[in-house]
Structure formats: C-alpha cells, structure tokens
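Naming follows writing order (A, B and C), and every chain is counted from residue 1.
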Amino acid sequence: MDKSKFSHWFFIGPHIILFVVFILIPSIYGVYASFTNWNLMTSPTWVGLDNYRTILTNQDSSFHHEFFNGMKNTLIFVGVSVPLMVAIPLVIASAIEHKKVKFKNFFQSIIYIPGLISISAAALIWSLIFNSQLGMMNNFFGADTVWTATQPYAWMTIFIMTVWGGIGGNMIIYRASISNVSQDLYESAEIDGAGPIRKFISVTLPSIRFPLIYTVVMTTAGSFNVFGQPLMMTNGGPRESTTVLMMYIRDLAFGSGQSIAGMASAMAVLLGMVILIISAAQYYVMNRNSA
Amino acid sequence: MKKRLAFLIVAVTTLLLTGCGGNENVIEFWTPLTGEDGAYMDQLVEDYNDTDPEHPVNHVITSDLYTQIYTVLQSGSGIPDLTLIHADRVPSFVNNDLLVPMDAIISQQPELNEDNYLPEAWTAGIIDDVQYTIPLDIHGSAMYYNIDLLEQYDVMDWLDDDVVTFDEMLELEGQLEEGHYVVNDALLGWVALAQLQNVGGDIEGADGEPTVDTDEMREVIRYLREINEAGLMTPYGEDGYLMFQSGNVLFSTDGTWSRLAHEQVESLNFGVTNTYSHSAEVFHNRSSAHLFSMLRSEERTPEKEEGIGEFLEYIREHSIEWAEAGQIVASREVVEDPEYDQFMQSFYTQDERHEDSLYIYTYEHYPYVAEAIDNYIADIVHGEMDVDEGLHEMQRFVNDRVAEGDAELEDAADAVEDFDDDVDTNE
Amino acid sequence: MNKKYNISKYLAYLFLITVCLIWVVPMIFGFTTSFRSQGEVVNEGFRLLPVNWIVDNYMAILENTSSAPILRWIGNSLFISITHTLLVVVVISITGYGYSRMRFKGRDVLFFTLLGISFFPNVVNIIPLYRIVDILGWVNTPWAMIVPGLAGMGNIFLVRQFMKGVPKELDESARVDGASDFTIFFRIVLPLIKPVLIVGGLFSFIGSWNDFLWPVIVYTDVQKMPVTAGLLLLQDIYGNYQMVGQLMGSAILAIIPTLLLFLFAQKYFVSAINLNAGIKG
C-alpha cells in the first residue's frame, strides 16, 4: 500500500525536478532580475522599478531608444509575417487539395523541406541570393537594388526567407483540415450556385476554424521571438531599422560589452507581457467571431 | 524535496567536473582567432606539442573572447593560463589589475626581450614601465592595388613614393569607364582612423575622455566625402571588396590578411601599398597587435608559467608559419629571415619609415570608439547621414558604453580582489 | 462542369509548380555555387550552373578543422540532438503515464498548473537559465542543449491526450492480475503509445538541431558548438571575405542530415504535425 502511494513520484518526479530547475526557477528569477542591477555572475542588487522607468520614460537613455526601436521592429515583423504565414500556406494547401491535382505529397514535401533547414544555413544561401553583385535577384530579374542596405528591401529579404522556411507546418495542418471538410457541404454550395472563391470563403474557412485559430496564435507567439533572420540577413541594419528586441536583449545580457542582465530582463518581461496579451486577445477575438 | 534536488545537482556537477577536468599540466590557451588565422595558430600549437614539451598547449578558439574573459574572471573558475588579446585591451585590463606581468617569464627566457621584437608591438604591452604582454604580430590596414587597372589608366606612377594621395586619386574624376571605381569602402572605419593620425587628431581627450566629435574628425570626413562625391568610391551598400576582386576597383583598403582571399582569384593581378593620405609626407596604417597575456589566476603554478615561457620562446623562433596567415610577425628573427620577404606584408617592415607608419591605438576606450566609427562611418561618408548628426551619435554611443563598460570592468576587478581576499584569509 | 474543373485544375498546377520552383531554386543555387571557384564567382558573376565543377571548396572546408571544423560541428549537433531526443522519449513516456494512469491526489491540478506556467513566454527565463547552466558547469558542453529542453510540457500534454484514447480496460485487467505500475507501463502502455513517442521524438530532434538563439548564447568554444551556431561564425570567417563557394558548401553540408531524416521518416512528419495540431490526418 505504502509503495503504491508513492510510486507516482517515480513517474512524474524526474520531470518535476527538471521543470523546477529549468523552467520555474528561471522564470521567477527572470522576473525578479528585472527589478535589479545584475551582471549575470555576481548577486543582483534590488533597484525596484528603476529599470522599467528607464526603459519606458527616460528619453536620454540608450535603453529607452533600444527598447522602443526593438519593439517597433518586432511588431513590424509580427504584423507582416503572420498574415503571410497564414495566407500563403492556406492558398497552397487549397491548391494541393484541389480534387484533380495529383502528386499531392510531392508538392507538400517540396514546400515543407525548407522548414528542416536551420536558420543559419538558410540565411547563408539567401544572403547570396540577395547579394547585389553575385545574387540571383539582381542578375536574373535585372533589379538594381542593394537589398540589405536599403529599406524596404531589407525587410523584404527577411520576410521572403521567413515565409520560405516557415510555412510548411501550417500548410500541412491546413491541408489535413481541408481534406476533412465534408464533400456534402461543397456540393450543396454548388447547388446554390457558389463559385470556387465563394465556396472557399463560405464553406472551407468556417470548417477549418479551429486549426486556423491554433496556427494564428502559435505563429504569432513564435514570431515575437524572431532573432536569427535579421541577425544573419541584415545584422539589424540599415541603421538599426531591422534590429528586433530579441537582438537587443541578447546584446545587453550576453553581448561583447558588459552584461546588463537586469535591464535585459526588464525588456524580456515587457516583451513577454506583450506576447501573452496579444495571444490571449487573438484567441478571444477569433473564438468569439467564429462561434 | 529540496534536499534531493540539491543532492542531484551536486552529484551531476561533480560527475561532469571530474569528467572534463583534463590534464593538470596542460596550458589552456584562449584566442579570439575565429578566422582563417585560427587554423595557422592551431598548426603552430600542434608543432609545439610535437616537440613533446612538459606542458603541452591546448588551443581554444573562443568567439566573444572578451565577454567570456569577464565571465570566467567573475565566476573565478576556468580562467585560461594564457590568452591572446588585442593591444587596445591592455590598458583597461591593467588598470583593473586583471593581468599578471611577464617579469618572471622574461627572466627565464632571455630572448624574450625588446630587441627581438618590432618596437610598436613590444611597447604596446608596457604600462607604467611594466611589461604585461609578449607580442605575436601586428595586423592592420593594407591597401591593395589592381596592377592591370593602374596600367590601363596609366597611373602606376602614383605608387612611386609609396603613398597614394587624395589629389592623385581625384585626377581620375570623370575619366573612369562605367562600373569602375578608384577605391572601395572596405574597412572604411580603419581608413578613417589612419587619416585621423595623418591630420594630427586623436580619440583621447586631455583628461582621458573619449573624443570622436572633433575638428580633426570633420577634416577626415571632408577628405573621404570628396572622394565619394567625385564618384570615385564604390557606391553605398555595394560590396566593394568583391568589386575589387572582380577587377572593377583600382584600390582596396582592407587588411593584411586579405591577401589569402585575393590570391584565390587567379585573374586578379595585385600588389600592396600604404593606406592613402592627403600628403605623401605623412601616412599611417591603422594597426593592432595580437599579444600573449596572462589573466590573474590562482591556479597557474610557477611550473606552468615556466612552460608558458618555453611556448612563447618557441613561437618567437617559429612564427614564420604565422606570416602565412597574412600577419606582420612581431619577432625580429622571423621578419629578418629572407624567407619572410616572399610574404606580401613584408612591405610594411621594409624600412623604418614603413614600420613607423603602423599605428597601434592603445587608448583604453578604443574598442568602443572603433565600434562607433565602424557603425556610422559608411553612412556619413556616403552622405546617407548628416556629418553633425553622425558625429553626435558616435560620441553618444561611445559615452554610453564607456559608462557601462567601466562598471563591468570594476565588477570583474572586484571579483578578482574578493578572490584574492579569500585566498589571503585562508593562508 | 467538367471543363470548369479542368481550368481550375491547370491553374492549380501552374500555381503549385511556380511555388515549388521558387522553393527549390535557392537550394539548387546554393548547391551548384558550392562547386564554383572564387575566381569564377567573382569574374562571371551570377550563374546557376558552374562553368567548371570543382570540389576545392569542400576540400578547403574539410581541411579547416580548427576555426571552422564543420564536421565536428555536425558531429556535435548529432550527439546533442540524438541524446536529447532519446531522453525526451524517456521523460515524456513515463511522465505522460504518470499524469494519465496513476491515481494520486491533485494529479490534474498539478498537471494543468505546470502546463499553465509553461505558457509563460520563454524569453523571460533565458537569461537566468544561462546562469543555472553556468552553475551546473554546462556552458560549452552538450548538456547545455540536451537537458533544459527536457522540462517542456508540450510533448507530455500530447502523450497524455494520446493515452486517454488507449482503452483503460487493458491495464486495469492487468492490474487485477497483480501487475505493478512498472509492468503495466513497460508491457502494455509503452507499445501502444509508440506513434505519439515518435512524434515527440521527431519534433525534439528537429527542434534541437535547428535551435539558434540558445546555442549562440551558451557556446563560445569553437570546437564545442553545434552547427547552427558554427554557421553564424562562418559568416564572419568566409563571409567577410566573400568566399562564396566555401560558405555555400558549409551550408549544404549542414543541411544534409535533416534532409536525410526527412527522406526516411517522411510519413511520420506529416502525421506528427497534424497530431500536434490536434487533427487526425
């Protein structure tokens, strides 16, 4: 009896230890550190709301400038990339699920494969493609643009690479959901005289509501952590116009200057709050409207 | 629960620590050589270890070396025995008491002395008459020229006095074929720092404060902008480095080590000269030096220090290998070896006039100044950014970082002191 | 009716083929460029196919085992990803069993509390996590990437959901026969939940292979880093000097392992993604 009373600890205990050490403690400490001066190595000193005050209100501080610039650029990235990462795979999935299209799995594999390539390998290749002298864009399409040094082209390189590497998962989800939509619904819509676009809007979209909500929320939350693409494609340039918040946070905490981990933690907490609020709002709004 | 957790952590840690403790005799040697040169250093270390020394060397290439140094100093463990650092880091490290003088090593290895090294490299390690470092090399700006293009435009004579001047370059205004340029903007920040010396400016104010927003800097920018406005500089954002390799640019201002990359382009017929200047009388090549140093550490035994001395002496004698990496070797013995003449960078040690042109910035806050200049100079020279605005931004950038960086160095220094105190009380 | 379908069919094909071309061309371009010499790249500019196919770039890449040891990086990545994946499978199976089959007070409350906490954005815990990993002495060791990811809740949630679909009668009848939890777990449940474990493992492998931010933070020793962080360094080493062929060659080498995995485990990937999104494919 005694044995069975405690044997569940054998099953869940190891994970709880891992959870406490690698998620719970760091999360709490991350919030705590945002109220301190901390160089990452020695013990932090409590400074109350100073970090937040500096970041949010001190116009002269470079932290203030970095936070707002980083947040602005992060929001630009999320605002543009999320609709692309939902709409494009949705269209592709519908095309693949067209009744008469064959080689469905072949098309799907081609689109999915870039998702398996690490950001750094992909960025090396894309940087070359956008290289103004050697790349494909300028030589093939006759463009005369220095892509990564001028806006809005610098952003475009980041978005193109992101879409290329990031839509495979969503596409597979949409494809599976579309194929699950009952044919009867389409047929009755056809009887009502609906064309393909009409059918897509009034039958397909409502039927795949839950996968849509799921992908929008997940894609948004993931997009806020954007880091690798701007780091490797533009290095945050031109003139910090693509430097996202994660890059500043990393530089402050682990960069080649000193470690200003307290300030970095405060920025991280603010970013985390934005992620939570937006995810919750999205979930609420979409669930509401489609119910 | 808590106890069990603590136990687990302790158990795992000891397991891992004992697992990677390694040989106590090994000299842990950290370098920031993440480029091609890392391979050459690896070879040198390997050759040394093949001589079967009592203290073999373990070469660890470390990205973000200086961050990593602060981290290990503050945590007090895993401090490397020997570290290769840049000349501009010496003053701040010494001011914060992070380096051990080389006295003991120099007394054991008599050949490690001033006469056996290039003076600029040797003196870069002296602070208040104490020698803190032994030099490996000088590396810095170089200006490559495309021989075929110089002949095509009939301007080989520009090279006669070893200095290409702004006036000479401006002669070609309006004379160039479409797509050709006189000079690129590779390593433009370094060029600007060389020009700053040419016009008699500096980055250190009278009270040791960093100065970027100065009249001399404005003069430098005026010169560079003139070249750009005349249409002689490769356009903003374009890869001027590649344009030189593809034979569209007469001069490329990059580093001594780029020779290796240029040589890979067989069609490129090139040579090397000094960074351009406003006058043939005054010229500088902005340089730095790689210096061997020892961070303060309680774990480094006198025997190990002896081993380090032997390694440094080996490097002094055998660093011709290092010339392969494109660097100007600091050891006299190597530089004066006829074999060294085959290396293009021997141009910079051909006579005293050239040796003197190798200007090493050793100002305490140089790293921040250099970072600021690198960040903004291209925008300013190409007219993408207003001069006043740009200089102001640069000055603010440096000031902010100096304030932050001081705090960090003090933390590291405190950590080292605390550590010393602990040891003292233990004894 | 049929005609309309035909037009839309051709439109769909046209669209899909265009998209696939756009998707494939970068990889082909990277691949072919890795066989071009620096001289050719610089003088001929852009070409999809090399004038002369050479392997010198690969020779140079493989020769540099000190500052850009690409094979070593790939080896590090393999060790990290495989070890991580195996441990993930162990952890999620036993933990998932615990939360769905064991009976103890507050089980579901505990589970959902942990799940809720894990939704907390991880940008907040990454800085202290570095400190913890440093205290454990794991900076610049594979453990820095292997262990912390084991704490995640996502896969455990998945396993728990999946186990709900496994009929309880099986283990209950075994329990009546006097089998212990351990026996039930190993003999009965484990074989049944294999599909979901494959899913969890596959995602863990890809996730840890492609992780970028964390390895860039915890690895500074060039010999110890995984390939994603290594390629960032390469951008400095070859990128500054525009050694284009070598850059592309390194990227291609880094792509190969996950590509092979995909070729062999393709069907699992699709069902994995759908299972993750809660859709039966």
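Here is the rule we go by: a residue touches a chain if its C-beta (ideal position, glycine included) is under 8 Å from a C-beta of that chain, and two chains touch if they have at least 3 such contacts.
Quantities reported herein were computed from a predicted structural model and do not represent experimental measurements.
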item: Chain whose Cα centroid lies at the greatest distance from that of subunit C; value: B
item: Busiest interface, counted in C-beta pairs; value: A-C
item: Inter-centroid spacing, subunit C versus subunit A (mean Cα positions, whole Å); value: 16
item: Mean-CA-position distance for subunit C and subunit B (Å); value: 38
item: Residues of subunit A touching at least two other chains; value: 21, 40-41, 133-134, 254
item: Touching two or more other chains - residues of subunit C; value: 45, 134
item: Numbers and ranges of subunit B residues touching at least 2 other chains; value: 9, 64, 67, 71, 75, 239, 242, 246
item: Contact set on subunit A toward subunit B in their complex; value: 17, 20-21, 39-42, 62, 131-134, 146, 148-150, 238-239, 254-260
item: Residues of subunit B defined as touching subunit C within the complex; value: 9, 12-13, 16-17, 20, 33-39, 41-43, 59-65, 67-68, 71, 75, 239, 241-242, 245-247, 258, 260-261, 264-268
item: Contact footprint of subunit A on subunit B as seen in their complex; value: 4-5, 8-9, 64, 66-67, 70-71, 74-75, 235-239, 242-243, 246, 379, 385, 396-397, 400-401, 404-405, 407-409, 411, 414-415
item: Residue numbers on subunit C that touch subunit A, as the complex places them; value: 5-6, 8-9, 12-13, 15-16, 19-20, 22-27, 29-30, 33, 41, 45-46, 48, 91, 94-95, 97-99, 102-104, 107, 110, 114, 117-132, 134, 147-148, 150-153, 156, 180-181, 185, 206, 209-210, 212-213, 216-217, 227-232, 234-235, 239, 244, 247-248, 250-252, 254-255, 258-259, 261-262, 266, 269-270, 273-274, 277-281
item: Residues of subunit A touching subunit C in the complex; value: 4-5, 7-8, 10-12, 14-16, 18-19, 21-27, 29-31, 33, 40-41, 91-92, 95-96, 98-101, 105, 107-114, 116-129, 133-136, 138-140, 164, 169, 172-173, 176-177, 180, 196, 210-211, 214-215, 221, 224-225, 227-228, 231-232, 246, 249-250, 253-254, 261, 264-265, 268-269, 271-272, 275-276
